[in-house]
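Two complexes follow with subunit A in common, the first pairing it with subunit B and the second with subunit C.
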Partner chain A sequence: MNQIAIIARLEIRRAFFSRRALWVYLLALFPAALFLGRGVSVNYDRREYAAKPATPAVVLDRLPVGTTDAAALAAAGPPLRDHTWKRAQTTHRSLHYFDGSNRVWLQFENGALKNTRRLPLNSFDQDLRVYAGVFQYFYLRLAVFFGCLGIFINLFRGEMIDKSLHYWFLAPVRREILVLGKYCAGLIAAAAIFGGGALLSFGALLSYQTAADVEPYLRMDALAHGFWYVLAAVLGCAGYGSVFLAAGLVLRNPIIPAIVMLLWESINGFLPELLQKLSVLHYLQSLCPVPAPIDPSAPPLARMILSPAAPSSVWAALLGLVALTALVLWAATRTARRLEINYGTE
Partner chain B sequence: MSHDLILFDGVSKFYGEVLGVNKVDLQIPPGITSLVGPNGSGKTTLMNLMAGLIHPGRGSVFVRGISPFAPEKLMRILGYATQYDAAPRGLTGFDFVRAGLLLHGFAAAEAARRAEAAIATVALTHAAPRKIAAYSKGMRQRIRLAQAIAHDPAVLVLDEPLNGLDPLVRAETIALFRDYAARGHHVILSSHVLQEVDVFSDQVILIANGRIVAEGAIRSVREEIHEHPSQFLLQCRQPARLAALLFEQADILEARIDPAGSGLRVLTRQRAAFADAIQRIALSGVVIDGVLPMDENVDALYEYLIGGGQ
Partner chain C sequence: MAVFKHGYQRYDGPLTGPVTRFLAVPRYAWPKLLAERFVLVLLLVSLFWPLLCAIFIYLSNHASLLPNLNGGGEAIQKLLRIDGNFFATFMNIQSTFAILLAAIAGPGLIAPDLANNALPLYFSRPVSLGQYIGARLLVLFGLLSLVTLLPGLFVFGLQASLAGSAWLAANWPLGQGMVTGFLLYILLVSLVALTCSAYVKWRVVAGALVLGFFFVLAGAAQIVNQVFHVEWGSLLSPGYTVYTLWCALLGVETAADAPGAGECLAAVLVLLGALLAVLLRRLRPVEVVA
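On to the complex of A and B.
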């Protein structure tokens, strides 16, 4: 036990600041940057429109289809923007208004109102769904995946390349303990980086919402959602980490396990149920609090790949992931016991 | 199971197709033991087997009764300074030695104290706060030695420990070995050159092509090589004439005309004198097309040891 802590302490600096660490941080911070950027753009829009005259929504809503543009202008007053263009035989005109929280476009064809398009400055519900999508499709599938590849595969493979692995083997430490100690170091680093990244991006998502949206959310779901997102990221590190640590024990080339794992995780939806249980993503998806949006018009193949695997209950998912990680780590310790120092063929 | 011997019992190790060592049986008592042999003879392989860095394909190894498959026990009594020159990235000499001691379970203060002591023993105190990456080859060699001795192991394994040391440090290092052995410990070291180690070794193991060719106290090893007659094939067109000249000029045991007709087979114990005689005979006009050693291991080693003295 104590030895695991000593190994993890000796190893942790390297896990955080490895040669290849920079892109790991970039991956982890990407969603936070994305939502911070979105926040900046939303706030900019808000300021822009705040300075403009608002037309009450009731006025705009009262205009029935077929109203002439002249009548609309008379009822709603001068628009923010007035745009006319001609295509084929039809004259199009678009009058742009702001009703205080939505941007509204009245669209005319040949002088008659065809439809009214309304877009809120920002929709919290929609942002929550976008966040869920980014988290599942980008963060868990790619960022955590490749980040763990970078951190964990080098725990052993990196030292074989540096020809320094034998120092660990010459310590009075069981190989099993060595594997676990290194795994802990990797896990602490990965969990801090990607758990932190999840927390930051979730904070960024909430940072620019209106008080009216955020306050009820903070009272109701925010804490639970944030918790599950961070937990899913951390457990993702635990699961992928064990796999890549094991891969680093046996394979020299990091590309191979990356491709194999990525394929395995992607086709997982097609596999029989028993094999699905051997996928990290399978469990992670059940832990995400908000289902990721999926375009119903997407081709069935794409939907198969992206769609959440057969959802298990949260506790089953937690247990399953822990069991899967333990199984892989056990296999890794078995391999490490027989591992030999073989720098000769590098 | 003997608890103060290092035992190899029928140990073979292949790296894929390549022979590392073959059918090695050894019983090494405490004291200074030198493994001597040319490049690629299997010295590092034997040491790695002792330390459990590699595992035998066949046979078994025990170090003072402990199997190398149990590093948590073995490394408490074994310190190994390898031939691998690399050091962990970014560590200072002091951190490097101290990290090893922390893994031994020493408390931070005790680990620091022992690290300082070990570094002082190898006379590197001035360089301890510097990064190992910036050390010279000899300094890296010494810091590895410091790490190997820091926990005061009963078995000290050192792969070519005298390589690259200046004469002063070399003398101090040898004194350290003697000191260690005097306390009933094992000191196992390797070298290319018999003359370099025979003065201070209690025992020498000669190894060539993955086999032990001679072992024992230094004098008996010398005699063993000397007594072991070696065979040569002399390729020539006048084998009978050459045989007559050789019996006259060199101390040979036997000369037979090769049945295949390719020349003369000769058995001798005095290789150096034999080589001189061949040269004289060739200069006198007898055509000798080639001299082939027929007894690979011992001859290669002998040539090597003779050559190593130069």
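On to the complex of A and C.
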């Protein structure tokens, strides 16, 4: 244990402070930056719309599809914004109103009302669903995946490219210990960066909500939700990290397993239920407290095929991820014992 | 005469022609790339979708052979129609293989030259920076054409031969649009791969960067749209912007409130310019001696 701790301490600085880590920080902090930006935008909108004239919702609701733009203008009065553009022989016009709590867009095609789009200034429930989507579709699937690729492949493959791995192998330490030490360093760095990123973005999401919305949530679910999001991010780092560490040990070009894994995880939703369970993402998503929304604008065929498997139980998900990590690490330590350095082929 | 008095003498022997010089890099790079097992596997897998499309084209042109389809519903007739939507879907799927191939083949083109300080060796010969980049682009152009342009032309040619000259005369713009769209896409993917290869000296990291560039930006575009309830975030995704341009070239309608072809073209041009600027900055043929 002492040796593992020493190796981890030596490696961890590289994982945290190398120039390459900048990309990892950007990936981890991007959602937090977006939600902070959203907070600024919501606060600005609240101030802006408070001073604008409101059109009663009942007037806007009364306009049926097919109403001409002139008739809509006569009924609803001058809009806050009027935007007209032309695309493929069709003239589009969008009239923007505010009904006191929602922003409303009346969308016309060739002068006839096609649809009415209504968006509240801010909806906490909707933001929670958006966060679930961002966390599961972007954070786990892309940010944690590519971040771990950068951190864990660097641990062995990076040393081989730098032609410095033999220094580690000359040290009086067993190869298994070396693998575990390096893995711990990578895991601590990845968990701190991505766990911290998840927590920060969750905090940013709550920061701009109204007290009426956020106080009951803070009393009831906020802590539990925050905990599960962070745990999912950390376990994602553990699972993906072990795979990429092993890939860096076994293969000269670890991008190939990364491509295979990326494709496998990407088509996960389209696979039969049994195959869906053979992916890291399935177990990570099972840990998430809010299910990710399916994009309503996705083609009907895609929505039909896209049938997420029933989430595994929390214990099954935890056990599955830990078992996968342990298995891959065991295989990696076995490989490391037989590893011979041949810098010439790098 | 003492050896030290020889000094430097310019080579004044015969020079190879500019075209031969330009083709020297692809001539060596192509066999090397095709010898890689994963590249071959990817090339083979990428032929699967064109093959399915060819079967679909055959069926759509022989609908009378299918039972219960004669005079079938309008929905089935629409489904079997070979139009802009068909080619847009075809191009969309083949483009994924182009990204994967670029991630495998691209990083090895410039990164080793930079990592081993080999640029002075190139530029001490009668090769300009433009020729160097052009030769590298040609390597990727040849490789990516195998999964994009060639299958596309095959599919288009098959449809033209089965549907007859009337279809060809009426749908000639589809072929033009497909070729133009693929050429633009190959240029974009190749430039991304070369820039990543020049930006990071490690092949492995450069490959990850190529993948990340397309996949992460596509994801980032989606979440910008979701978080801010806007549509302009799609402009951040190179895949989306190119797809919108394809739709415009093929006469396919896209969502009315999403960014249009003009905005997407501007975004692609800005991206190409930025990639070229980074590439030129990284490939300065100078050697700093400390």
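Just so it is clear, the second predicted complex is superposed on the first by the 248 of 346 C-alpha atoms of A that agree within 3 Å, B and C clash if a C-alpha of one lies under 4 Å from a C-alpha of the other, contacts with A are read in each partner's own complex, and residues count from 1 in each chain.
Methods note: a residue touches a chain if its C-beta (ideal position, glycine included) is under 8 Å from a C-beta of that chain, and two chains touch if they have at least 3 such contacts.
Only a predicted model underlies this, so the values are computations on that prediction, with no experimental measurement involved.
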Look at A:L80 in the shared chain and tell me whether it touches subunit B only, subunit C only, both, or neither; answer first, second, both or neither. neither
Touching A:E109, do we find subunit B (first), subunit C (second), both, or neither? second
Answer with first, second, both or neither: which of subunit B and subunit C does A:A258 touch in the superposed model? second
Which of the two partners, first being subunit B and second being subunit C, lies in contact with A:H92: first, second, both, or neither? second
Between subunit B and subunit C, which one contacts more residues of subunit A in the superposed model? C
Touch check for A:A71: first (subunit B), second (subunit C), both, or neither? neither
A:R174 in the overlay: touching subunit B, subunit C, both, or neither? Say first, second, both or neither. first
What part of subunit C is in contact with subunit A in the complex they form? 38, 100, 103-104, 200, 202-205, 207-208, 211-212, 215-216, 219-220, 222-224, 226-229, 253, 255-257, 260
Footprint of subunit B on subunit A - complex, ascending: 2-3, 6-7, 10, 14, 159, 162-164, 166-167, 169-175, 177, 337-338, 340-344
Taking the touch rule as given, give the residues of subunit A at its contact with subunit C in the complex, in rising order. 20, 23, 27, 30-31, 34-35, 37-38, 41, 85, 87-88, 90, 92, 94, 107, 109, 119, 130, 133-134, 137-138, 141-143, 146, 149-150, 153, 157-158, 161, 253-256, 258-259, 262, 297
For the subunit B and subunit A complex, residues of the former touching the latter: 15, 48, 51-55, 69, 71-76, 79-80, 82, 84-90, 99-100, 102-105
